[in-house]
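Both complexes below contain subunit A, partnered by subunit B and then by subunit C.
Right after this comes the complex of A and B.
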């Protein structure tokens, strides 16, 4: 199977008052058709920036290197009109906070149809009909009257459904969802995840799902990459990765998840320390200052991401190699 | 279509919008009454002797004439009764008689308002167009050379007093270069177009008098630009900061992610969201233009209410001053009312409150 999106050596540098900060530092991944590719990691690990880079949505002055092959084109080389022809049409995007990602002064109908009319050349009427269909698909009650409503008339979960409908309006092949459930209540989260899963199956859609929540990942992702400080530390199939994590960081993320069924006296494990700021990346393995398994080589050599046992792993020590 | 009747039903902003409108309207009326009170009290505070200014020295020395004058104008009655009289006359459209022109103040205002209205109109259009454009450009090119240049220029426009800009413009544009006429609405001896709106450019166009239109426009350019200068700067600065507040928003990024052309993103996503703040400043611009008109009209010998107010003030023509104050105040609160309504139209969230 050929990949729908293939990213190689993606590097993003953002301008700061004290020179450039490398927030994404050489990342490779690929997304296969009709699969959900999950990207996990703490905030500041470069997840969002690596996605924004694909559609040229980085803040002004950002420098992007690498390659992102999508439909025979390199997204990172596209400019202006060429890039706009892909954005919103072949690639849809859903943002974290539905309270802020919809324009408060435009009706749902306007926000849902403007890019359809542009990309698909639909007339007002046809676009309106399709909009109703989309709202129906994402289970917005009364879709026809919803077209004339404004975002503030809907709840957070509803707004995220609308945002998803907007992202899907032009029938994209890839949906990038950046923490689509983080700002929502847990019960609403499940609904959004089920919706994404259903849309993926019905529309042959690939999804890049960014989240810091491995519980969300485990319910929907096919393959997962774990980001740390602008690098991928481990990636592989969901079951492999979540059942038998090999990187100490993946392990720590999983241990930090609360288990409702676990005994009440098992304390929650927090990862010690904080991720490094992009300006102060430690030498060697970026995780070593927080890693309980670190040995001397970790402080000096940056471990490469190498295929290991059906996954890719960047760790010198590999403390869980024997399955433990 | 079974859905048809429901499809036409908007999510009823109409009824709540109507209530919003009525509330504002009630506030407007109360405000207007308050203004008449203030204007009235001010006329009483001005240390002018209505008897002396109106009767002349000889008659003012005659107690019988003075008493008759006072009785005729109700000046012998207590203050509240006089206010009541003032209000009653006001309702009948009577603003009193100017002691300078000996015409009804309403007649005078009718003569002078069109000239000011024309000047103000052009000036506001110029200020709005350039101010908003510059503000958006400065914000979109934040911290780049264009932004710096615009910042310096707008700072200059705000710092320099309007009367000084007016004098410089007159000196350079009229005296040195001779590009623009220096005074009045038309060249000396030229008859104005047949009176319809009182705005010469519009009346000339309505009458098909192209030459006259060009001439009226030519006369307008310099004073309108001068009057706009401060406001262009003001709008540039406020628009810039309003836009900067909006550009970082998620929905702007979402708009770009949809593949909309940059100009659509700027207009529909950025400017639209910054508009409430811009409209507020536009209301201020209106007020600035009306107050600034006094000086600019004086310097450019523009026969508008600014001139009229200036003459009235210099000659202690109290009814005229009161009339102009009332007019300006009414324009002011009307503009504020319109601004409030515009908020509601621009931002649907406000209608609900």
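Right after this comes the complex of A and C.
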């Protein structure tokens, strides 16, 4: 299967008062059609920056290297109008907080039809009809009257569904969803996850799902990459990665989660310390200062990401190679 | 000074809310009964979790329990003493041992002052440390929440979200509280930081015999932390019970729906169940059982009579007509029909 998006050697450097900070440091991944690709990791691991780089949405002064092949073009080489033609139409983006991505003073209808008219060249009536169809697709009750309402008139879960409808307006092939359910109740989160799953199955939509929550990942991602301090430490199929995690960091992320079937007295296992800041990346394996399995080589050599047992893994020790 | 009719410390539960009502009224707007008669007891040294969706009134109840909003009805007792609403005057000194921690430490901490001075303020306001002891006490507070003494010289922005939440807890601990009310202390933290703060809360509660009322929308984490869990829906308590038995056998359909919506991190691809509809507008709650329009098991009686709170087994209560006949709860396998996805009614 040919990949819809193929990213190679992505590197993002951001200007800071003390020189450049490398926040994404050489990342490769691909997204296949009608698949959900999960990007997981703690805050500050470079998850969001690696996606913003594709859409040209990085802060001014940022330096991007690498290649991102999408529909025969390299997204990282496109500028201005060319980039907007691709990213506005073929790539949709949903952010964590719908209240910041929706305009508070424009009606839902205005926000939904604006880029359909621009990118698809639809007339007012045709755009309006499609807007109703989209709201219906994301299960907003009374879609026709919803067009005339403002964002504050909806609950958090409905706003996020509206933000998804807007992202889908021009019929994108790829949807990038950055922590789309983090601010929502579990009951509403379940609805959004089911919606994304349906869009993938019925409309062949590919989704890049960015989240720190491996439980969310487990319900809809097909493949997952675990980010740590701007690098991928492990990537592979959902079931492989979550049932038999091989990188100590993947394992630690899972152990920190409350598991629905665990006994109540099982304490949650927190990872000691905090991720390094981009200015203070440790030598060797970036995870070694927090890793209980680190040995001497980990403090000196940066482990490469290599195919290991049906996945890619960057670990010198590989302590769970035998299944435990 | 305690008056004659007030029992001494050491009697009664740590915190007791009886039929509390919280009403918001604004000129030209409808009256909203955010909490419509809710009861809850936190025994001494106990961790009680209060869960429910956004808009269910759990934050209003938390605020009423420390006197930040007045209770329009019912009573709030802290160690058998009435909790009076905050006014412009200094609050009674005894109530200082009832403290609150808010969801977002970035907005509850002053961004322009060092952590050490903010903790010292909390000590000074109650004259809890002589100037000579202040520094040592600040270090002790930081140590209690697992931060180094050097943290005192830094500013809030120099910490991660989880660390800031621990600082907020340290500030609440400065008043030497016996009860902490925490409003969503774990939301907006990522998994590892969440685990750190959750473990810290359990540890503090056990070490300092501190009673906690932990408000959260995340039943999965509350189950790991709390001894007892209360489930709130649209201003009323629908179920209360020990965390373990409530999770393994929910008696109220709403509790069951909350548990069914929790995703499992097991790599199985299990898609959680979406509870249809949304929490209704508290200004216009549904008649009788407030959950009946969203309940997959609702029958005639549910839309006609308000369910009474029934005591089940020794420590559980539930307000559901399904339980009234003593029949066992319907289990997921016996659902009359599968839950429809994102039901199209608001």
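As a convention for this text, the second predicted complex is superposed on the first by the 324 of 324 C-alpha atoms of A that agree within 3 Å, B and C clash if a C-alpha of one lies under 4 Å from a C-alpha of the other, contacts with A are read in each partner's own complex, and residues count from 1 in each chain.
Everything below uses one rule, namely that contacts are C-beta pairs under 8 Å (C-beta built on N, C-alpha and C of every residue); 3 or more make two chains touch, one makes a residue touch a chain.
All values reported here derive from a predicted model rather than from experimental measurement.
Asks: Mind checking the superposed model to see whether subunit B and subunit C fit together on subunit A or clash?
Replies: Overlaying the two complexes on subunit A (C-alpha atoms) leaves subunit C and subunit B fitting together cleanly.
Asks: Applying the document's definition of touch, where does A:5 land relative to subunit B and subunit C: first, second, both, or neither?
Replies: Touch status of A:5: no partner.
Asks: In degrees, to the nearest 10, note the angle that opens at the C-alpha centre of subunit A toward the centres of subunit B and subunit C.
Replies: 80
Asks: Just subunit B (first), just subunit C (second), both, or neither: which does A:243 touch?
Replies: The second partner, subunit C, only.
Asks: For A:199 in the superposed arrangement: first (subunit B), second (subunit C), both or neither?
Replies: Neither partner.
Asks: Looking at subunit A, does subunit B or subunit C touch a larger number of its residues?
Replies: The partner that reaches more residues of subunit A in the superposed model: C.
Asks: I'd like to know which partner A:149 touches here: subunit B for first, subunit C for second, both or neither.
Replies: Only subunit B; A:149 stays clear of subunit C.
Asks: For A:141, decide between first (touching subunit B), second (touching subunit C), both and neither.
Replies: Second partner only.
Asks: Between subunit B (first) and subunit C (second), which does A:256 come into contact with in this model arrangement: first, second, both, or neither?
Replies: After superposition on chain A, A:256 lies in contact with subunit C alone.
Asks: Considering the aligned complexes, could you tell me the closest Cα pair distance between subunit B and subunit C in angstrom?
Replies: Least C-alpha distance after superposition: 9 Å.
Asks: Mind listing the subunit C positions that touch subunit A in their complex?
Replies: Contacts found on subunit C: 53-55, 160-163, 188, 190-196, 198-199, 202, 217-221, 223-224, 243-244, 247, 257-275, 278-279, 341-342, 344-346.
Asks: Under the stated contact criterion, what part of subunit A meets subunit C in this complex?
Replies: These residues of subunit A touch subunit C: 42-43, 139, 141-142, 155-158, 182-183, 185-191, 193-195, 197-198, 212-220, 238-243, 252-254, 256-262, 264, 266-271, 274.
Asks: Which positions of subunit B touch subunit A when the two form their complex?
Replies: 3, 6-7, 9-11, 249-251, 253-261, 264, 268-269, 272-273, 346-349, 352
Asks: Quick check on the complex: what are the subunit A residues that touch subunit B?
Replies: Touching subunit B: residues 52, 55-57, 83-89, 92-93, 95-97, 100-106, 114-115, 118-119, 144-145, 148-150, 152-153, 163, 166 of subunit A.
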